[in-house]
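Following this line, the structures themselves.
Each of the two complexes below includes chain A, the first together with chain B, the second together with chain C.
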Partner chain A sequence: MMSRILAPAQLENLEELVEFVSHCAREKGFEQKRVSEIEIAAEEAFVNIINYAYRHMGSAGDIEVQCGFEDSERFIIEITDSGIPFNVLNVAEPDISSDVSHRKIGGLGIFFMKKLMDEVCYKYIEGKNVLTLVVNKA
Partner chain B sequence: MSLTTKIENKRPGYSLVTLSGRLDGQTFAECEAQIAPLLVPSTKIIMFDMTGLNYISSMGLRIVLKVRKFVEGNNGSFHMINLQPQIEKVFEIANLLGDMKLFVSVEEADQYFDAMQMKVLNNEI
Partner chain C sequence: MEIGTKEKSNAIIISVQGRLDAATSPQFDKAFSELISKGSRTFLLNMGDLEYISSAGLRSILAAAKQLKEKQGTIFFVGLRGPVEEVFKISGFYSIFQIFDTEEDALAHM
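Coming up: the complex of A and B.
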């Protein structure tokens, strides 16, 4: 059984969206440490959509989130927006080997998402970006 | 869910920033604005007390990185104390802990800076 939330892609809704995901993960039995990591990954996805997905349009569209166990082993967070097509899997990894003085300030969000989740999938279907974060059952 | 940013001038050129709560995509802007006045040439040491910080995302990490780049670029030093495990993990993923001196308490840091200052005064550095 999947839980679902729909909210305009605006910064003021970030807290509600993240809280929805963490509540769902907690309810499904993930320990607090893993819940925090799930929150970070989800937040990175939401912030990207809020900042970029609808920038080419006059008004912001929505973010739809569905969470739950896909089967007995995989907890999924499916995040859908109808903004500009954007495949996070094509984004180059930031250079984290250079010393701090040469580091770029941004670009870590998608990297965190990939590192913290067991799997990240992307599809573009019927004019929508569908990003799926997968967390294996502990 | 919110963030409290407390800034304390410990001694000339040395500021302690105490963060409590969540440093995320929603709270980072106000935090950044509060910290901005510290990014001046006279600032030589900035210490972040992370004891009460229980969540950080990439937007939060940007602030820490920005402050660190400024201070180190200004020939100063940047430090953090008491990172909770989930916070430390985020810094580790970003490979930002390796060469940083971490203290367990403000007291330990104070002793270290006192010793540093003595060395500077005695022309040992």
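Coming up: the complex of A and C.
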């Protein structure tokens, strides 16, 4: 069974959205370390939507999240918005070796998402961005 | 998130508690900028009670470090653990910053 939440894509709802995902992961038996990694990846996805997805529209749309085990092995977090099409998988990896003066600010969010999750999938379906974060059962 | 500051051996020790994320990082930016504008140049960021940090938190830390570097200041980090330590490693922050186990170790290197 998938749990579901829908909230306007606004920073004030970030905590509730992250808490929803982390509660779901904890309930499904993930240990604290993995739950933290899931929270980080989910936050990055939410913040991207909050900051960019609806910017061209004047008013903010929603973020829909569903999470749960897709089958016995894969826990999935499916994040949907109806904002501007944006494939996170096309974003170039940041340079993580430059020193403080040369290091670019930003660009780490999507990198974290890819590093911390077992799989990240993106689809654009019927006017919606659908981002799926996959966590394999431990 | 809670931010505490104290002064020791000419360094400002900042303790960050709780979560440094997209919602709380503006509060961190503000606190840090105020300290820099008051003239503080040597900082020690104690993250022993920080439970969680996301890329928004790292962004704030990098921005603070850049401001300090322009003013010939320095920042040291102590008490990294759990997911905070992991995020520092993945992002490469572990190799661009000076990180110590305890406040005493860091102060001894100043």
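One rule holds in what follows: the second predicted complex is superposed on the first by the 138 of 138 C-alpha atoms of A that agree within 3 Å, B and C clash if a C-alpha of one lies under 4 Å from a C-alpha of the other, contacts with A are read in each partner's own complex, and residues count from 1 in each chain.
Here is the rule we use: a residue touches a chain if its C-beta (ideal position, glycine included) is under 8 Å from a C-beta of that chain, and two chains touch if they have at least 3 such contacts.
Model, not experiment: these values are computed from the prediction.
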Next on the checklist: With the two structures overlaid on chain A, would chain B and chain C clash, or do they fit side by side?
Outcome noted: clash
Checklist entry - Who does A:A138 touch here: chain B (first), chain C (second), both, or neither? => result neither
Next on the checklist: According to the stated criteria, A:S101 is in contact with first (chain B), second (chain C), both, or neither; which is it?
Outcome noted: both
Checklist entry - After lining up the shared chain so the two structures overlap, which partner does A:E19 touch, if you call chain B first and chain C second: first, second, both or neither? => result first
Checklist outcome for this item: Intersected contact list for chain A, partners chain B and chain C 11, 14-15, 18, 33, 36-37, 39-40, 43-44, 47, 50, 96-97, 99-101, 103, 105-106, 108-109, 111-112, 115-116
Checklist outcome for this item: The residues of chain C that touch chain A in their complex are 21-23, 51-52, 54-56, 58-59, 62-63, 65-66, 69, 82-83, 86-87, 90-92, 95-97
Checklist outcome for this item: Interface with chain A, chain B side, in the complex: residues 1, 24-26, 54-59, 61-62, 65-66, 68-69, 72-73, 85-86, 89-90, 93-96, 99
Next on the checklist: Can you tell me which positions in chain A touch chain B when the two form their complex?
Outcome noted: 11, 14-15, 18-19, 33, 36-37, 39-40, 43-44, 46-47, 50, 96-97, 99-101, 103, 105-106, 108-109, 111-112, 115-116
Item to check | Interfacial residue positions of chain A with respect to chain C in the complex | outcome: 11-12, 14-15, 18, 33, 36-37, 39-40, 43-44, 47, 50, 96-101, 103, 105-106, 108-109, 111-112, 115-116
